[in-house]
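First comes the structure, then the notes that go with it.
Going in written order, the chains are labelled A, B and C, and every chain counts its residues from 1.
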Amino acid sequence: MTAPDKILTTLANPPLQKAVYTATGRLMDHRRVVVTPEVLPDFQELRTAANAIKRHTLENLDYYLEQLEANVTRRGGKVVWCKDGAEVAGFLTRLAKEKNARLVVKSKSMTTEEIDLNDKLEQAGIETVETDLGEFIIQLLRQKPYHIVAPALHLTRFEVADVFTQRLGVERETVIEKQAMIARRVLREKFLAADIGISGANFLVAGDGAVVLCTNEGNARLTTTAPRIHVAVAGIEKLVPRAADLAVFLKLLGRSATGQPLTVYTSFLSGPRREGEIDGPQEFYLVLLDKGRTQVLANPEKRQTLFCIRCGSCLNHCPVYRKIGGHNYPWVYSGPLGAVISPLYQGMMHDPWLPFASSLCGACADVCPVKIELPKLLLEHRDEIVRTKAAQGRGRLEKLGFRLWAWLMRHPKLYELAGTAGSVIASGDGVWMTRLPGLMNAGPGKAWTSQRDMPALAARSFRQLWRERRSRS
Amino acid sequence: MVKRVTLFVTCLVDQLFPRIGLSMADVLEGLGYELDFPEAQTCCGQPAFNGGHWEEARQVARHFLDVFRDSECVVCPSGSCASMVTHHFEELFAGDPGRLAEVRALKPRVWEFSQFLLDVAGVEDVGARLDRVVTFHDSCHGLRELRIKDGPRRLLAKVRGLELREMDIPEECCGFGGTFSVKFPEVSGGMARTKIDSILRTGASVVVGLDSSCLMQIEGALRRGGSEVRAMHLAEVLGSR
Amino acid sequence: MSRETILERVRTALGRNAGQAPAAPPEARIRIPETGVEERIGQFRRALEALAGKFHVAASKQEARALVAGLLEGRTAVASNSPYLAECGIMGLEGVRSGFTGEAELREACSTAGAGITSADYGLADTGTLVMLSSAREARMISLLPPMHVALIPREIILTGLDELFTILPNPAELTSSMVLITGPSRTADIEQILVRGVHGPGEIHVIVV
């Protein structure tokens, strides 16, 4: 059970290491400033409240889903229920065909990344353009997002210049501000020509039938204003009961994600334009996606993973993410969030190494705005994986090792004997491990010494020294 | 009033770093406590628990409960071992009401060393002297599960001749994480190097922590990097004269 | 039908029956501080300026009009149909077009205009936020397409923050298809974490409090 070799490539890339570590460090610093007791005295209370609101909503989800649907319908919109990504793609391609739509603009949505929506639409001959700057860039590069909030975190301005020249045909430009203006110009045309705008949803307000979008660039506003059709795609876990509940969540999301008390634009959208409104979409569809969420819902211990508001804070604080970056996680969600939910959606044994790729430092749980117990969930995954492997007859050597270890630990005199034997074999310096014969020089020993020196086993153990100390006095 | 303290030195201290246990004993005896060391003690079970081998962890944890059941006050020189007992035993025995009750009864009597000094013994100055510039590493379990942050710094402030310089990332994980260190050695090593870079930037000659597992990881990386900076456990610092 | 399947899965997952009433939700957590108008204006100014938004105070509607004229500096602008803007005499300013009722013309005007002028429904003091509800009086695009956004608001509409907003508007959907909270100029840090303003939305925002 080892991690993919890709990780070693990332670790051996100093500029990339620096980019990821610095960018996440900055996001941590920005966050820290706006959640101090002086700036936000009720921060901890808000976390508790957010956890309670999500728990309540999910424990009564059928009620709130129906309420959401009734309100969306009342306001002239239509709810489309989809069990999986294929149904979402199917609906959208049929809609595009029916409405003669050829161009789609998209604002950032991790949910649509989950289901590879862009690929499916392109296959159906529908031009699909990402409009969030980071997503736009990685779409041109045909890459997965590197971070759930900052998709292009890993790229330099030079890489951006390269892809803009190659794919947009513009003159090479390495000044970042000018790169942004190139994107503005190119995308503005698309916004104003698009037939359909697809967004995600940060929150779905059941009591209003509303989609809430928290963004900074203005692309989500344009995506949901300019085209005549707006489709919002959201997992069923995004619900909150009332608009007033946003007073809790909006105070947590921006601060946790980027250190902003509020993102530049918070849109509260409920349906197509009303009578008298001059602009806005004429048709509105809310696509509700299951894709494994109901299964997670059914497990009371794992249910809390559905509370996630996708702030990315856990990624920023994770020392492992900060070393290996977003592309070394097997699924679209990376960091501690990805490590916890990938096994739940893709199968525990799909990437069995993933829950073990953590030192369990707990920094993620400390910052999670909705108080998901991430390290606890990782430990539970480990337990399940070990038991599954045992049932499959795998991991025998490790299991044997731990069995032997546990047996020694239950027999103090034998444990002491083993310790004494060990200290006889090990000499005074730290290199003893490498002198062990064959098998003992492999595995853990070799892994340890590949990175750091080994301590010497003490000539006499504490218990021996204690006895001597006691007999002296 | 606690008069008698039971030592749980941890398997790592017992076998690899006994001087940490001896220093802890020195400090406690110096404060007037009678000490006992149940020889039947071995380990809290954490390596197996973290490794997903919960059945084996339970076996070892049961042994622990049997050994320390009647202790009035257990003191331990490790944040992670103390929190294993006080925070994770309940998870292990969630399905075993008898053992669960034992855990709950024992829990308030188990103390990490620095917390014992400050909250039970009520002392900050134990008469220590160490003429060194040191920096302090906040071990993860102690920091995040036991909420240890200021305590060790208050204790260090009373050590004569000692100058404490904070590193810029005291709370960042050193990369040990138990079996993580050998399952993902390159990532673990990378995390260690980030940590020691921060340590070296302080100019300190000693890095202090309250978990020997972290210190083993950090000192291993320091030696491999050719540095002379030493790792010392808080108990060793407080036991210095 | 997927709808029935998904709802059935949810109910089974939760052990709930169709039509079953929900448990009582946690009380909505609303805390409204007691802050006077002057203090709110001060907070609003500090929050907006921290985001590189520009804040102006006008002692009268005439002064507001003059300020807007000064800000436009020869730019063409589109003004919304807000009665408050009419009261301030904005529609008569040189280079300002307004009175749009058709989407196509509005879009055309906003695409080429140098500035969009609007009022707002509320302000939020603690974050320097403008709250704009889409309506016949306030179209969405005016505060979105042009590179500069100028907003004129009477001081009384500045609320303390989100909590007060949702107390006054517990169901925004009743009033509008779009309520937008605008907090400073459009920005991104997607490339090398370097801050750039005005990527898609206006890069310059001016709030004139009358």
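Simple rule for what comes next: a contact is a pair of C-beta atoms (placed from the backbone, for glycine too) under 8 Å apart; a residue touches a chain by one contact, two chains touch by 3 or more.
Computed from a prediction, not measured in an experiment: that's the story for all the values here.
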Chains linked by the largest number of contacting C-beta pairs: A-C
Far-end chain from subunit C, centres as C-alpha averages: B
Averaged-CA centre spacing for the pair subunit C and subunit A, given as whole angstrom: 30
For the pair subunit B and subunit C, the C-alpha centroid-to-centroid distance in angstrom is 53
Residue ranges of subunit B in contact with subunit A within the complex: 9, 11, 13-18, 21-22, 25, 37, 39-43, 45, 47-54, 56-57, 59-60, 63, 91, 140-141, 144-145, 171-173, 175-192, 194, 216-217, 219-221, 223-224
Where on subunit A does subunit C make contact in their complex? 19, 22-23, 26, 42, 45-46, 49, 52-53, 56-57, 59-66, 71, 75, 79, 81-83, 87, 131-134, 137, 150-153, 155-157, 160, 176-177, 179-180, 183-184, 187-188, 191-192, 205, 207-210, 216-219, 221-222, 224-226, 236, 241-248, 250-251, 258, 260-274, 276-280, 288, 290, 294-295, 297-298
Complex interface listing, subunit A residues touching subunit B: 1-3, 7-8, 11, 17, 21, 319-320, 323-324, 353, 356-363, 365-366, 376, 379, 381-386, 398-399, 402-403, 405-406, 408-410, 412, 415, 419, 422-423, 430, 443-444, 447-448, 450-458, 460-466, 469
Which residues, counting only subunit C, touch subunit A once they are in their complex? 1-3, 5-7, 9-14, 16, 18, 20-23, 25-26, 28-31, 47, 51, 100-103, 106-107, 111, 126-127, 129, 134-136, 139-141, 144, 162-163, 165-167, 169-174, 176-194, 196, 198-202
